[in-house]
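These are the structures, in structure tokens.
Shared between the two complexes below is chain A, which pairs with chain B and chain C, respectively.
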Partner chain A sequence: MSVLRPMDKLPDLNKATVLLVSTEDALLQQLADSMLKEDCASELRVHLTKSLPLPSSVARPRIDLIVFVITLHSRYSFQNVEESLHHVDSNFFLGKVCFLVTGAGRDSHCSVHRNTVAKLAHTYRSPLLFCDLEVESFRATVAQRLVRMLQICAGHVPGVSGLNLLSLMRSPSPPPEEL
Partner chain B sequence: AWKCQNKLSLFGTETLTNSNAQLSLLIMQVKCLTAELGQWHKKTLEITPLTEDVLITLGKEEFQKLRQDLEMVLTTLQSKNEKLKEDLEREQQWLNEQEQIMESLNLLHGELKNQVGTCSESRILNELKTKIISIKKFKEKILITLGKFLEDHFPLPHGNIKKKRKNIQESTAQLITLNEILEILINRMFDVPHDPYVKINDCFWPPYIELILRNGIALRHPEDPTQIRLEAFHQ
Partner chain C sequence: MELRPERAEEARGGERISLLLRLRAQMKQQLLEYKSMIDANEEKTPEQDMQEKQMETKIESLENEIEDVKTAFDIKNLVLSRMQLSSALKNNLENTATESSELMDDLNDILKLNKLIMTSQQESRELEKKLLDVRKKRLQLKQASGRKLLEIQTEKNKQKEELDSVENSDKIKTMQHNLQMEMQTTTVVQHVFQNLILGSKVNWAEDPALKETVLQLEKIVTMI
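Up next is the complex of A and B:
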């Protein structure tokens, strides 16, 4: 049972790796493509997985950023992410984890409430992004944001560390209690 | 780097549960931020030494940027120049047109001034009098011409024709010329405009009546066939 640790490997020169975790394969694939299309000074590597823990048989580089993608249409994706969180070392949550929520647009299909995910993000003190991954332009925008975050987390931006970024981002306020 | 790595790998891993996540994370964040802060304090910033190569590269970059900016400024100014030239042309044309209008208006003004200057009441009266006289003369001329024309082309019938119509009641009245008929009609038209109808007299020679009716010179009264009037050519 391997737990993801942020510092267990040496960083590769000018390479940044991001791990996207979600049960929604198609969306992940599209997001990965959008991220790779972005103009970036560092070499990007995108790893996709359904859930953690990762099989330890594969040799993989050091992971700089984990993005958990939850879709509001499926309770299962939420539970899956909740469980995967247990396999992440606590050191990761110092700015190297991000939650991404999709599907908030179609209210009728939502089975998970926004506040539930917001509470999760607040508990783990990590930034929460909302995006409708099915729309091309929104996806491109969020891909750009993630690439920037990744560069910072990989240390490719001088003077800013992942933790700095976390502090600079609006602190996740506790979501309003459900009535 | 290897030494640090080894040290790090010795650290145990810790995973979080939802309950203890917040507090432990916050504590960790405080620790790490303080450490980073300390690091920033200690670190002295290195300046890239200004060797010749560095200076040359930097200089080249600056010049490139400057050149690009100047080129942009040049193109903007050129297009502005073009536009200004066009505006100037347009305004010039407009000015020319206005000047022409001004000239013609001035001419008109001059002429009118001349006319107005010499105007006085007696002058107006005299002008009107001369107009009336000329119109009267014209009227006379026309009437004379009409009379001559009618005499030539529409004379009164001779005595021979009367013999053929013995059974018809002969009118003992003297026939009047077409000229006279027309005169009667015209006078009636202007004397009594609301009732310009004239009763057909025995003096009127019937064929001539037919002639003027058929050619639209006179019209019958809509209810009374014995009355005719002149067609209102002047209305």
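Up next is the complex of A and C:
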């Protein structure tokens, strides 16, 4: 299947699956380790990939949350994510997609502007998180946040759904147009 | 030593129960999500021969619905944040009771202003009500005067019609004809008498009674 659909499989009991998409393998691995270290009542499963579409040969469980990790240091990661977004079904964007931006600390290395990513997140109406994934404590914090989001998107938190969370995390105004 | 495995069993049983409860809550939530997706994907197939205008009106109504939902949602968000703010304030005040005099002053000012706002809103509402009543009365009076004028007009028209009908009726025509005939006969008779008196060569100026008759005969009978 070339397009990821959110609800075409039944969920597994007490299991939540997150898909991390990025070109930076090392960062992804570290983020995955931090997330798995988190204390969580449900079983976590982390899938890593460089880009979508995913190969259809592997049997995989229902994906509850997709996190697109973009580093501001490389334009290639941004373009890769943009292309991967075409392979995601539109129903996913109702709260089950999140954008994570790293590398904003070192301004001299940034080749992608913050506003570009902000515009992308606004176009797809998904939350945008900023984090420096190379620092251990920040990574742990964002891992905690992602685990909480994953639990909500998987339906493990009664009374809150991914769409509720999306409407609470929504930013009211579009990013400013520059240049 | 015998009590410990029992306690371990109890602990495991308790864990199993909590796991089952958690699974139950999860399944409820996931069922809710699937149900809502199904409801959202139910599409009403549009009729094939819907005209453009109907489609445009339908699109407008749908857009209005979206706008209403958006505004309701924004209002709810505002209410939620206001509730959060007030609860945070309450917690803060509970913790630091005596030192937060500035906060208390601000809160008191806020209360006073709110009361003022409420009273002035009430007054403005009453004034608006009075204005509305006066306008209603004026409208009623206008309508009543309009009706009266209409009645007067219809009455006048009726009278005019009656007059015309009366004038044009046949009786009057025959009466007029008869009047004409009578007038003609009287003029003829007058002329005859005049000529009789003049032809008899009598000096009618001397006799006053004869003079009166001749002068009377001069009067031309005209239409009344």
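Quick notes on this structure:
Throughout what follows, the second predicted complex is superposed on the first by the 176 of 179 C-alpha atoms of A that agree within 3 Å, B and C clash if a C-alpha of one lies under 4 Å from a C-alpha of the other, contacts with A are read in each partner's own complex, and residues count from 1 in each chain.
Everything below uses one rule, namely that a contact is a pair of C-beta atoms (placed from the backbone, for glycine too) under 8 Å apart; a residue touches a chain by one contact, two chains touch by 3 or more.
Just so you know, these numbers come straight off a predicted model, no measurement behind them.
When the shared chain is aligned, chain B and chain C each come close enough to touch A:161.
Residue contacts after overlaying the shared chain place A:29 against neither chain B nor chain C.
Contact with chain B, but none with chain C, is seen for A:125 once the two complexes are overlaid on the shared chain.
By the touch criterion defined above, A:141 reaches neither chain B nor chain C. Among chain B and chain C, the chain that touches a larger number of residues in chain A is B. By the touch criterion defined above, A:41 lies against chain C but remains apart from chain B after alignment on the C-alpha atoms of chain A. In the superposition on chain A, A:13 makes contact with chain C only, while chain B stays out of contact range. Of the two partner chains placed by superposition, only chain B is touched by A:5; chain C is not. The interface of chain A with chain B overlaps its interface with chain C at residues 7, 91, 161, 167. Of all residues in chain B, only 1-2, 5, 8-9, 13-18, 21-22, 24-26, 28-29, 32-33, 36 touch chain A in the complex they form.
Interface residues of chain C, counted against chain A in their complex, comprise 19, 22-23, 25-30, 32-34, 36-37, 73, 77. Chain A meets chain C in the complex at residues 7, 11, 13-14, 41-42, 91, 154-159, 161-162, 167.
The residues of chain A lying in touch with chain B in their complex are 3, 5, 7-8, 10, 82, 85-91, 93-94, 120, 122-125, 161, 163-164, 166-167.
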